[in-house]
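Consider the two complexes below, in which subunit A is the common component and subunit B and subunit C are the respective partners.
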Partner chain A sequence: MANLTGKKWRPYLWLLPSIVLIAVFVVYPILIVFRLSFSEISKAGIVGDFIGFRNYSDAVSLPAFKTVMRNTLWWVLSVVGLSTLFGFIIALVINQRFHGRKIVRAILIFPWATSLVIQASVWNYIIKYEYGNLNNLLLNLGIIRQAINWRSSYQVEFVWECAVGIFVTVPFVTFCVLSGLQSIDSSLYEAATMDGAGFWSKLWNITLPLVRPSLTVSTVLNIIYVFNSFPIVYTMTKGAPANKTDTMITFLYMLSFYDRKKGPATALSVIGFLILCLCAGAYMFFVMRKEEEG
Partner chain B sequence: MKKTLALALALVMALGLAACGGGSTPAATQAPAATAAPAATQAPAATEAPKAEEAPAEASDGGDSITLDVIICQYGPNTNDWFLGKGMNGTNFVDKFESENPGVKLNLEVVSWNDVYTVVDTRIANNNAPDILNIDVFANYANEGLLLPVKDYCPDDLLNDFFPSFIDQSVIDGTVWAVPDLASARALFYNVDMLEEVGVEVPSTWAELQDVSQAILDYYDGEVYPWGIDMTTDEGQAAFAYYTWGNGGGFVDDNGDWAVNSDENVEAIEYAISLVSDGFTNPNPATQTRYDLQDMFAAGKLAMVIAPNQLPTYVSDKGGNINMATAALPANEGKTGSSVGVMDRVMAFKDDSAPDQAARNEAIGKFLKFFYDPENYVGWVSMEGFLPAVNSAVAALVASDDSFAAWLNVLDSCQFYPTAKAEWDQVKQGVIAAEQNALAGGDVRSELDALQAQLMG
Partner chain C sequence: MKNAAFSRQNRIALELMLVGLILCAVLFSLPLYSFDANVYTKKSSNTFPGDDKYTAAMEEVNTAAEEYRAQGFSVEIREDQTLRTNSKGETTSLMTFTISETIGKNLWSFFSSALPSAHIFRCITLLLALSFLCALAGTIPSADTVHKHLDPRARALRSAACALGVLALFLIPVFVMMNTYFFSRKLSLYSAELLTEGKENAWSAMDAFLFGGTAVDRMDAVLKGLVFQVSGMIWLLLPAALLMLLSAVQLRFGAVRPALLRGLLYFFVTVLCLVTLYPYYVMLITAFRSNAETTDMYFLHLFPTKWIFQNLTDIINRGVPRYLLNSLLVAGGATAIAMLCGIPAAYAMARMRFKGKSIFLGFVIMSQMFSPVVLLIGIAQLMSTLHLNDSVLGLMLINAAFNQAFAIWLLRGTFISISPEMEQAALIDGCNTRQSLTRVLLPMAAPGIVTALIFVFINAWNEYTISTVLISTASNRPITVGITQFSSFNMIEWQYLFAASLLATIPVVILFMFIEKYLVSGLTSGGVKG
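Entry: the complex of A and B
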């Protein structure tokens, strides 16, 4: 009996170090941020009295709040949505047998393996008006006669940020989907072909249902990662002009360390955290229910 | 049950990842928020980990030794070497100080400007403020009762050595809370060859500036920007100062009260925005920083730019070979332009836990005496091309470099940001936002009115 009990508890013993680490480095800081969001915080960072929801009301009444939330929504939807679409298509392509497939896979991983700050800085140079690579290339090829200002307005700059976000996220989705594709038994496709199924029919009835677990993982992780992504926006525009290209993460950083409104910044980070939990939880719930039904 | 467990696990994962926030897209979870800051014109931040981060400020080191925690900002590639490497004639500041001041140890950290606010705020929040801090702002720390008055630790002879106009910038309610460590002044730099080729004189008024800009634009067929403007979050407040001071306006009125929406200011910012919309400037002033402008100037893509006195060094470091000269900032007709002085400071934090306050104050005084000793200070100021803050260094600096004399005259006549006022952070960000909104099509007057209303409310 004692032996059995030991066996029962043994897994938890092995998990203990991880649990302790998560508790100390994840759960405890989260609790501290929650506490801070209900406290008065001075400009120099000194934590004062409990002030209820005032930090939250201050945060949502900031003039830039609506713009920032709208930007964040577009940022997450476009980067996660389009990188999932492109990643899926590329995975389908590189899952085929062709010469140089390994090289293509290796190249594909570059954007993912490079630091985001470097990527964003490089893209800054590429689209620079004065001596940017893109203008130089197009001028030398004779495609354009005059340099184009690729950052002519903040709307365009935000689109560039999203484009860079998509560019660096696609490889992650591709490799997630690819791992799912490679686990599909080829006999399924052979049987479907025998039954006269076409490309779309096989894609819809075999590929998609079987890579769904991989897509679920990549989408949930992407929602979290992209929502929390800081370097691209900060490196390319710092949210300028006047927070019009900020997402929530860059906005709360600027709010805290430039505007020195630390209370509202903490409240915003809690709001972001709750939004993420809600999105990730709802998505998982929805997908898992479908899987069970399926 | 399995579903619930999976959901719970997924949420824990989400919690964990979200908490690691500030991260990034999947590509690079390794880039934490603060270090991801781009404009890293200097070497990476705290390359020198503090030797004893956990050591209490007043650690006892066998006897009566006092250890001072010092944070110094990284002004350039030489700062680290000067304080901690071998940049001080084969030795460094810390070693030399400790050998000359037995009984006082320095736990000195060089932090990049990108990170210093985060580092200091975090330390204050954790009750671990440095003993001595070198930074630009001081009012928040003073207003919250965190600083020691300068008279408590700074010897009188040293205090009298600072330029009085500099010391005045660090006074709140009659008390001096910080001392200047160095300064820089801004002037209009222009490409002499370019202006000669076009056949124009350097402008001294706003109207002349428009004419000269039009001439340069026409002559080079748009290949050269006549005028540089930086309205980024880095330095947009400087742009506000250049134009409003050149129109008799400014951040404050004659009584020292906030007056950001004065008629003079509105006219000045509308003028600056018109330079952009007329195509006389770099195309993206909201995202092109002073360093971008300096790069363009060094590459011969920009004819005129307002820049600090270190620009010639910056240009030659970049491999540029520009025949440049300086002039006063252009002002509106009938108004006098004023140069902008930028000053950083050294301040000491209170530490109620220190067992012997008098000994601690004395140790801080020793640090300052050593820092401003002409033998050390002249090397430090000239190393990064800054201007001095104490009289005793002037003679030696002028002897070493003639151009210092001219810059010291500029420094004598320039104005400073009202950093001693508690709302300065808000005003700084507010005028930058107003400028950026105006660049995006907003109305200058209503932007500045809104900011003034916030300040009054």
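Entry: the complex of A and C
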């Protein structure tokens, strides 16, 4: 290895472009957001004096703040929870050997490969009351007798947004769990079968413990990505009516770029950033521990 | 190899199959479909029950009803009173008398009808009967043979019994759905004059089905008020057919459970694929429909009645090629930058020892955690300072930076998995470090590099949020932002929106399918998502 290492400063030179890129475009915006959150910002966007935590108190006292936080919590919990459950079940099924398995796997990856704006637009069309494809299809199949209003209230619309969120998140979980499943030695199952273990017992005692690392990684990452997800809510309802379907990310976007309230918006950014830091810390903990094991 | 116990098992299976068949036949003869057809309506205004006008009207209705009864119909008279208060404050009453005929129909009457579902019903009957006959013919001569030693003919016949049973089971819901579609949706569209194509055929088929062809001239009136009901009992056909199928499976394989689980697996996977593909199907058909068809409440077809390729030409004239080009530039540039910075970094991480390595690793992983969205305001500010807002170059750099972490992580894993001995050999042969990297390591790491490359490309291609904020000039928009011009607040041109979406989706989906098999191997270690 010695001759590959070269001079002392060489490794840092190799890292330099990457460090510069991340520092300028990731770290520096973080600093800007922090600085802005403590400054007075006029409607025109001109940065003024240091004003302490006033932006934060403004943000918390916004009338929609509570709703938005509750929505964000529901959004993250339901999308991450249910997509983890579904993804796990689907991974268990497509890990079996059957004809056409390759095609099925290729198809299941579609939602992951598609831009979220496009997915959200399509679902927007599907659930239209007057001419949406879902009503049309169900009527034509004779499953329903009368068109159903799929977006009768904002609560229902929010549920639809969560459903679309789940739809696009499931493939990620599926493939994470699948990668965990495929690393399990099949002789473990054979031995368990010899010992007379049933399906549930094998699932509980072999599969679950061994895919737990994959599940943890996918869950933590999903919490971060789902929290940050913007296009679904923005395309389907734009947070309407009156921020009732907003999550934190869409809310701070509207606040900053439509309502011109940059101050509270940056404060919200920092709050979101800190929440993400917590999740990232948890993620680092799991990954680093896995690194050490591996 | 003869076995008496086997003969008993097979006999029970055959008997169960016969029970299933008889059950089906019984269900076929029950009046599961009932139709309430209004054959006569009389309205009488200013009439209260019991007064003279009422008696006169009632007499008239009764005469009409007698006429129908004389023709052999079972009819019922109903009367409804509608009370209203007129402008003078007086209460008026409108009496409506209807003679309705309730017609019960069993499934056998579909057999000889000209209804659209008749073929399906004939198929189901035939399949069930054939399935039983095949099982019979395949079992009787070899009833006491252990199924491992069955002769090919018996085996083929029993397999056929299973296959026919599966088909029948599949066709039963199709049959029920087709009927509901026809009776409740299509007929009402014909009555409301919203659909004319094939109306005459439907009318004569209904006439023949309900009235034996005697009511041609009054079909319009009859069908207008037609209420159809299907008894829930019809779903008993499914367990009956399933009983037959399972018995056939028992005959063929000697055990039901594994085959049943297998069947469930395929069923589950099929449903899964259909659900996943559903939005793509909607996107595809909507992209090639006319504007009128996309907002048609009564669209009855699974595919466009006419594929309109004009939509593609239209979106080309509305700037879509430009958006696609921008997306290509952004994604390609971001990928190039991310790889140029990422490969050396990953190489250093994998092959060199230096102080602060784990700090850098932590730094990389942390930076992966932040989607640019939460930092939107900071990024917008930074870009305007650098005069990069509203430019394709700015998008390139942002996308490269936010995908840097994943690129390094995946490439590092790839490099580590390749033994350093090859490079050392190259060094001994007189190559320098750069040559050993470009000529030995990179070609060996090609699969990992391609995966990282494609992944960054797809992420940058699909990025939406940053682009909406940074880009204000139309000609600089990437496709994800460009498609939103087709959905303004008060009018959405669905066909253009989805035609453009289709163009934006196809390339990435194909790319993703290429890296699918590498994803599974490198996923959880890299921790990846767009």
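In this section, the second predicted complex is superposed on the first by the 262 of 294 C-alpha atoms of A that agree within 3 Å, B and C clash if a C-alpha of one lies under 4 Å from a C-alpha of the other, contacts with A are read in each partner's own complex, and residues count from 1 in each chain.
Please note the rule applied: a residue touches a chain if its C-beta (ideal position, glycine included) is under 8 Å from a C-beta of that chain, and two chains touch if they have at least 3 such contacts.
Just so it is clear, the model here is predicted, and its values are computed rather than measured.
Looking at the shared chain after the overlay, A:Ile46 reaches subunit B, while subunit C stays out of its contact range. Contacts of A:Asp259 after superposition: subunit B is touched, whereas subunit C is not reached. By the touch criterion stated above, A:Leu208 is placed in contact with neither subunit B nor subunit C.
Applying the stated contact rule after C-alpha superposition, one finds that A:Leu178 touches subunit C and leaves subunit B untouched. Number of subunit A residues touched is higher for C, counting subunit B against subunit C.
Once chain A of one complex is fitted onto chain A of the other, the partner contacts of A:Leu77 are absent, as it touches neither subunit B nor subunit C. Once the two complexes are overlaid on the shared chain, A:Pro111 sits against subunit B and subunit C alike. In the superposed model, A:Leu85 lies in contact with neither subunit B nor subunit C. When the two complexes are overlaid on their common chain A, residue A:Ala280 makes contact with subunit B and with subunit C alike.
Of the two partner chains, subunit C is the only one that A:Val122 touches; subunit B does not reach it.
Looking at subunit A, you'll find residues 22, 26-27, 29-30, 111-117, 119, 121, 130-131, 172, 221-222, 224-225, 228, 230-231, 249, 253, 257, 262, 269, 272-273, 276-277, 280, 284, 288 touch subunit B in one structure and subunit C in the other. Residues of subunit A that touch subunit B in their complex: 22, 26-27, 29-30, 42-47, 79, 111-117, 119-121, 129-131, 149, 151-154, 157, 165, 168-169, 171-172, 220-222, 224-232, 234-244, 249, 253-254, 257-260, 262, 269, 272-273, 276-277, 280-281, 284-285, 288-289, 292. Those residues of subunit C that touch subunit A in the shared complex are 176-181, 184-185, 262, 265-266, 268-269, 272-273, 276-280, 282-283, 286, 294-297, 299-300, 302, 337, 340-342, 344-345, 347-349, 351-354, 357, 360, 362-367, 369-379, 381-382, 397-398, 400-402, 404-405, 408, 420, 423-424, 427, 433, 458, 461-462, 464-465, 469, 480, 483-484, 487, 494, 497-498, 501, 504-505, 508-509, 511-513, 516, 519-525, 527, 529-530. By the touch rule above, subunit A contacts subunit C in their complex via residues 1, 3-6, 8, 10-12, 14-15, 17-22, 24-33, 36, 90, 93-94, 96, 98, 100, 104-119, 121-123, 125-126, 130-131, 133, 136, 139-143, 145, 147, 172, 175-176, 178-180, 182, 213-214, 217-218, 221-222, 224-225, 228, 230-231, 249, 252-253, 256-257, 262, 265-266, 269, 272-273, 276-277, 279-280, 283-284, 287-288, 290, 294.
Subunit B makes touch with subunit A in their complex at residues 3, 6-7, 10-12, 14-31, 33, 36-38, 117-118, 121-122, 124-125, 140-141, 143-144, 146, 232-233, 282-284, 286-287, 296, 299, 301, 425-426, 429, 432-434, 436-437, 439-440.
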